[in-house]
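Several structures are given next for inspection.
The same chain A turns up in both complexes below, where it pairs with chain B and then with chain C.
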Partner chain A sequence: MAFEIPKISYNGAIKEIPLGKEASRMIVGGETCYPFYLFEGDMPRPPKIAMEVYDAPPDDWPQAALEPFADVLQDPAAWAQKCVASYGAEMIALQLASTDPNTQDTPAEQAVEVTKKVAAAIEVPLIVWGSANLEKDTQVLKMIAEECAGENLILGPVEEGSYKALGAASLAYQHTIGASTPIDVNLAKQLNILLGNLGVPDERILVDPTVGSLGYGLEYCYSVMERDRMAALTQEDERLQFPIVCNLAKEVWKIKESKISEEEAPLLGDPSKRGVLLEAMTALLLLLAGADILIMRHPDAVQLIRGFVNELIAN
Partner chain B sequence: MALTGIQIYKLLPKDNCGECGVPTCLAFAMSLAAGKAELAACPRVSEEAKAELADASAPPIGVVEIGTGERKLKIGGETVLFRHEKTFLNPPGIAVLVTDEMADEEVAGRLERFKTLEYERVGLTLRADLVAVKSVSNDAGKFEALAAKVKNETDAGIVLMTEDPSVMEACLKACADRKPVIYAATKENVDQMAGMAKDSGCPLAVKGNGLDEVAELTTKLTEDGLKNLIIDSGTRAIRKALEDQVFIRRGALLKKYKPLGFPTITLPCEMTDDFMQETLIASMFVAKYGGIIVLSDLQGHSLFPLLLARMNIYTDPQRPMATSPGIYEIGGPNEDSPVLVSCNFSLTYFIVSGEIESSRVPAWLVIVDTEGLSVLTAWAAGKFVGDAVGISLKKCGIMDKVRHKKVVIPGYAAAISGDLEEELGDWEVLVGPRESAHIPAYLKEWSA
Partner chain C sequence: MSKIICSAAIRGAHKIVETAEAKYQEALEKWGPDQDIGFPNTAYYLPIIYGISGIAVKKLGDVEQVLERCRSLLPDMVSEDVWLPYLAPALEAGMATLFAEEIIEAIRYLETPDFYTKTEDPSNGNLWLGAADDVILRKRGVEFVDGTAPGFAAILGAPPTEEIAVQLARELQEKNLYVFMCADHEGRTMSEMLVEAGIQVGWGTRLVSFGPEYTATIFAMGFATRAAMSFGGVKPGDFRGILFYNKDRIFAFAMPLGTVTDEWYANAAGAINWGFPTIADTPIPEVLPTGICTYEHVVSNVPYDELVARAIEVRGLKVTVAKVPIPVSYGPAFEGERVRKDDLYLECGGGKTQAVEWATTRGMDEVEDGKIELFGPDVDDVGEGAKLPLAIVAEFAGRKMQEDFEPILERQIHHFVNYAQGLMHIGQRDIAWIRMAKAAAGKGLKLKHIGDILHAKFHQDFGAIFDKVQVKIYTEEDKVREMLEKARGVYRHRDARIEGMTDETTETFYSCTLCQSFAPNHVCIISPERTGLCGAYNWMDCKASYEINPTGPNQPVEKGDTIDPKLGQWKGCNDFLYKASRQALDHYNFYSIVHDPMTTCGCCECIAAILPICNGVMTVDRDCRGMTPCGMKFTTLAGTIGGGASVPGFLGHSKYNITQKKWLLGDGGIKRLVWMPKHLKEEIADRLKKQAEEIGIPDLPDMIADETIGTSEEEILPFLEEKGHPALSMDPLLE
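Up next is the complex of A and B:
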């Protein structure tokens, strides 16, 4: 007897979210099957890669990650342009790392300046991400929302503690929200409900489940994302049917194994290829779990993932 | 698949003698159904019942053992599609390829890397498992010599790769005692390969052109009495290969389709010429159901991430790996040595203790019970907070072991320092670095 392929029927779909400026609108989401299970559903748009740009020159990156950007580290706008022009970034993610009160604690006004410059330098959608310090993010992102009205930025992390302030600001000034909760399906759902109650329309929400690096908690994130997709697609859980954004590069490049030299750890091989593979492998596993937008750093990792996605959707 | 307690009960002796350790047959049946007891515990069960129970409870995906001794590898036996449903059980075997047309140095390099590339993590040793020996020349003598070399120089499990039965036969004689995988039986050679698998008791990989052909072959082989089968769907395109893995796993689990109820072998080494991409393909098969993953080479920068991926995906999702709380002496500390405190998530413990060790500064590491949660997670969950950490420090006895009154907390837990100082009275709380990689530099500066 011929083998009958066991297919699953889905009754939900991921919402389609328009991103970026009117003239260069991009849509993410729309899947009607598990990631890349194209034999039983659709993935109308392949996942997108956003490349990172930092608001201040990073001081703790290994050589492998610094090298491609050596000429632009001082200038976030030029950095963003380079990512788009040289590496084909489909989006840019501006990391406001220097605003962190535990590091440089740069003021909100400065973050607004940087955001404006970067937004003016590129056509692709712009993600603006805080330092994950609740009070500071609330202040910084709120000011950015106001000052950059009409740019349709993606602002995050918007957390349970800041959703009222940031939800309202995004609503008023037309930005999209990166709704962030710590690796928990129910918390993610709850925040989406709260945002809905506040009046934030569905097409302005992306979900950030928080992720860890390969070897440092990735497995939890992987499973939470799988469960999230399961609820969204097979259990019609309407408040989980949002595209997922994974802010992974900063997690990967902070771990010891992406920094340590070959002299110190000869068994870990070539440090630049190792870092690239750690990033790309983390990204691939998150793609298989349900990521729609990957925030990535190294051009080689970006290229590897882009090639892989093309293979996964190839006819 | 699994029988219910009642179904099992009907097959038991119903003597209620209690020799199995529980008072009644019904209770024993319930334990069996829940997987909490072994049928062997009942001395009275009939042979027929045993056979019936074994058959009905046979796993939907067979378990195949490769190799011998300490390096014996077990693949298959999986019971779920998603790891959160239960857990993925038997991590895929990672294999490196050598061929009989490779230069000697090439082969030697690969075997050397196979032997030396291993990593300690969370108390486990991570390494590759298998060497795949392939005949390209189709010369039986050359193939046999290479296989013998692999057998003599490593303790690896072996995959013998040739579709020519006569080439396979010579070689198999030389290394059957290592229980290698015979790769592969195809439509053309199935009878001869089956004969060899039967005689040698070695597992047999079945390579078909698509799943229907695979199913035809495995059906025939099972009827022949062969159980230790491994499936290669034949596909080498990435998208289709992913689909095949999903179909095989679903077929076995959702449809109880026996002809596909076997572990798989995947060959990223035949799917691309780009080594970086090959490594990514391998990680896809780690997540999506590969049983054996054959790589063209092993390099530290490729193997290490892949082994991490395998460890992550195959970690039991229900239970974080935890270390026992208490005082750990690192490097022979004395009463002037620094005291550091951390959580009992295994990953954290091993990373932090490793860094302290490499600093060569003798130190006391106090591990607080956080129910297996990492520092920040435990802090957020209220388990690594000032009073809890303070009470643990007071109770564990560390205060009698040192003359100074200083404790170093993780940088990410800086927020607890006030509460902790309050709890500890006259002790000083020092906020250490955030990332453990900075611990050595920090400890070298430390003075009591």
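Up next is the complex of A and C:
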């Protein structure tokens, strides 16, 4: 008798979520198998890479991360354009880091202005991510939702404490939600249920499971994402069948190993490559765990990952 | 439905549709069919007509087909001497009314463009705002979705005095409801009364002066209809979707103040289509059976001071309490905090005095939500170090409240009281024990605050299963005794009720997948005679948990066809298990340790294991740290079988389960039990004795070995032989 490779019988599929403006519609999701298990099912759309743009020039980035963007750091709109034109970003993720009350605490009105400028400068879908300060995010993202009506932005993080306000705003002004929960399958599911109860249609929800960097608890995030996908694809867990967005770059580039100089840590290797590789490795692992959208920073890391995805899909 | 109401509504509808027709003909002659018509700045045309029928009225000529629709909806007048079911015709008459009124108001915009301000607030001396444009709809509609405004009161007419008008408006505002006002009673309108009393009206204060005539009700109904399309994603013409969205999500009601005319009845009938009931101050006939609305349809003759409370109750609006109103910090962080003797200000229960807790159900009219009463001395009436008897009685009322929820709600008192800084709570039922720290007493904490805590927290966490709760706290000896006796009677009743249930007579079991966060393949299925292995969830708890959170970890499992009655296996349970375990398992048995036993997450209170030489089983609980006759300690056993595996020969179960009739019944039942730790045997002694008597071996407890006899099979076997333990003469456990 010939050996037969055992196959998993899937009974679920990831929902397809349309992103961006009508004219430049992009769809994510649609998988009917575990990530890249193309011998068992389909992955109709390869994972997408969104490149980061910051609302204010960053002051804590290592040289390696700053270099590619040196000419555009002051201008988020130009930065976004550069990511699309020069590095082929499929989406842009505008990080509203300066709105954080613990740093610059820039007002919501300013965030609205920046968002409008960036949205006008690009055709690709735009993710707008707050500073993960619940109160401020609620205020800022609500105002952005209102002022950028009809842009179909992806607004996040939408958390259990803000889902009502931001869910309602995204319903009224037609945006997509990045539903964010702290590394837990049950919490992720619960938030999706709550959003559904509020009336947010499924095609407006993406899941942010919260991720960490390689070397800083990535294994745990990996397991949770894996569980997420198992529940979605083999357990008919309808409230987990959403594409996953991983906001990884800011996690990778804040760790000591991506910042420390060669003089201080000669054994860690060339700092101009170190952060890039850490970012690419983190992204790669998250891809294998089930990411649909990767929020990345460095063009070289982006290129590495893109090559990897193409190879996996081609084979 | 009341014949009087229906005939009035249908009469009113006829009049209103006739008016609309006349207005239309008049307008048609004046402007012609190509004249643009509609409400200002909206993409929803005439929203009720657009939403319900799908007809987009853009030109005056489009009105014709709407009027045709009205005529076809209009039922014949109700005959004096024929009695028929009237609900459906009345609802259709109501719908025709709203269509017709929308036409009337749209023509008004044409004829008198400045009749309404078209703004958010009254301007240039004009009080009447008219239709909300789409900007207002989005901005205000968001509040309906995120819950900052649960709904609206559509007020027709006016109360007899300005004071009452102000009082009503204030009360509705306090409940965060919008007040949509229209129509007059004897020439006076609520909006004008409020303005005369110096109250600011407009969207900003949520007191919306839509218009002076009854036809302006359609601005309220149109707002609700657009909310369903804008926020609910309901497509125009999907009337079912629109009406259900409003019934389920917009907590609105009509409040006619003053003489209810035929036209008002017609509007009220229209509103019932949306699930909005009518609460009236005048003695009109009532329509109490539920059906279209969540609860009653028409409630009347309500005194002014009860009007808002009654409306909220009839519409099923839930009370929300944002913060626990007590003078000390409050939160789960304080749950584990101890109040030691040296810090002690006041103590209730704990063997020194009697303390008792009791959650019970009362009628809707017997409970005033948020009422907290203390009978007897409070903290400031006694000195430091005092001891008081205490009875806490929480009285619930609600449409969904069930007797089965009482023990679950009662058990929460422990957590809720503990969350307060400086309050310690131990035990439950009639062995409750509360200590208050000096620091808490110093900050002004009173026993009465326990009532405030319970009211706020019950609403926050369990609002889904009840509507109202009031708390009575007794600190007088005789009163406490009286409550204690009542509560004990209830405890006995409850215990008997769950004990009387059997798996055979129960069709629905409940799953528990709470532990899948760390044991992803494990699925508990809990039946009346196999309580959760963690000891925390019995069948009743799961049922209640499901009612409270229908999408949570406890889901109903229809047990389905019986596959094996002896071992306890059902088809429905297997199907559920297959899916919920992510295809890891396709069956298990409820009553066997030998044949495909149920899995454990690792939270089990006890683990049973077979002892082949003794032809029996042992069980060991988590608190036993020593060696057991199976050669493994509890921790080793837990590590071996936890995580969702079905391991023949080993079984996770709760302490309570040991004395349930079905425990290991497939393998011979409790007669197989040959060893258990001494403290466990003592803990369950009463029930063990009872169960032993029931199976006809009254001295079974004495035949069960413990660690004082031995911790290996060889050591305990002689003891079993000496006592003549029944397991030794049973069929071989392993075949």
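Here is the rule we use: the second predicted complex is superposed on the first by the 313 of 315 C-alpha atoms of A that agree within 3 Å, B and C clash if a C-alpha of one lies under 4 Å from a C-alpha of the other, contacts with A are read in each partner's own complex, and residues count from 1 in each chain.
Here is the rule we go by: a residue touches a chain if its C-beta (ideal position, glycine included) is under 8 Å from a C-beta of that chain, and two chains touch if they have at least 3 such contacts.
Note that the structure is a prediction, hence the values are computed from the model and not measured.
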Can A:73 be said to touch chain B (first), chain C (second), both, or neither? neither
Check whether A:172 is in contact with chain B, with chain C, with both or with neither, and answer first, second, both or neither. second
Once chain A of both complexes is superposed, is A:193 in touch with chain B (first), chain C (second), both, or neither? second
Would you check which partner chain A:256 touches, where first means chain B only, second means chain C only, and both and neither mean what they say? first
First (chain B), second (chain C), both or neither: which does A:230 touch? both
Once the structures are superposed on A, label A:219 by its partner contacts, choosing first (chain B), second (chain C), both or neither. first
After the superposition on A, what does A:184 contact: first (chain B), second (chain C), both or neither? second
Using the touch criterion from the header, give the chain among chain B and chain C with more contacted residues in chain A. B
On the A-aligned overlay, A:134 touches which partner chain: chain B = first, chain C = second, or both, or neither? neither
Interface residues of chain A shared between complexes with chain B and chain C: 227, 230
Note: in the complex, chain C contacts chain A through residues 138-139, 141-143, 145-147, 230-233, 245, 249, 516-517, 520, 551, 553, 579-580, 582-583
Using the touch definition from the top, list the residues of chain A that touch chain C in their complex. 8-9, 146, 149, 164-165, 167-169, 171-173, 184-186, 193, 198-199, 201, 227, 230-231, 234-236, 239
Give every residue of chain B touching chain A within the complex, in rising order. 82-84, 116-119, 121, 211-212, 215, 237-239, 242-243, 246-247, 250-251, 254-255, 257, 259-260, 276-277, 279-280, 283-284, 287-288, 299-306, 308-309, 311-313, 315, 317, 347, 351, 374, 377, 380, 414, 435-437
Please output the residues of chain A touching chain B within their complex, sorted ascending. 2-6, 36-39, 102, 182, 214-220, 222-223, 226-227, 230, 254, 256-257, 259-260, 265-271, 273-274, 276-278, 280-281, 284-285, 288, 300, 304, 307-308, 311-314
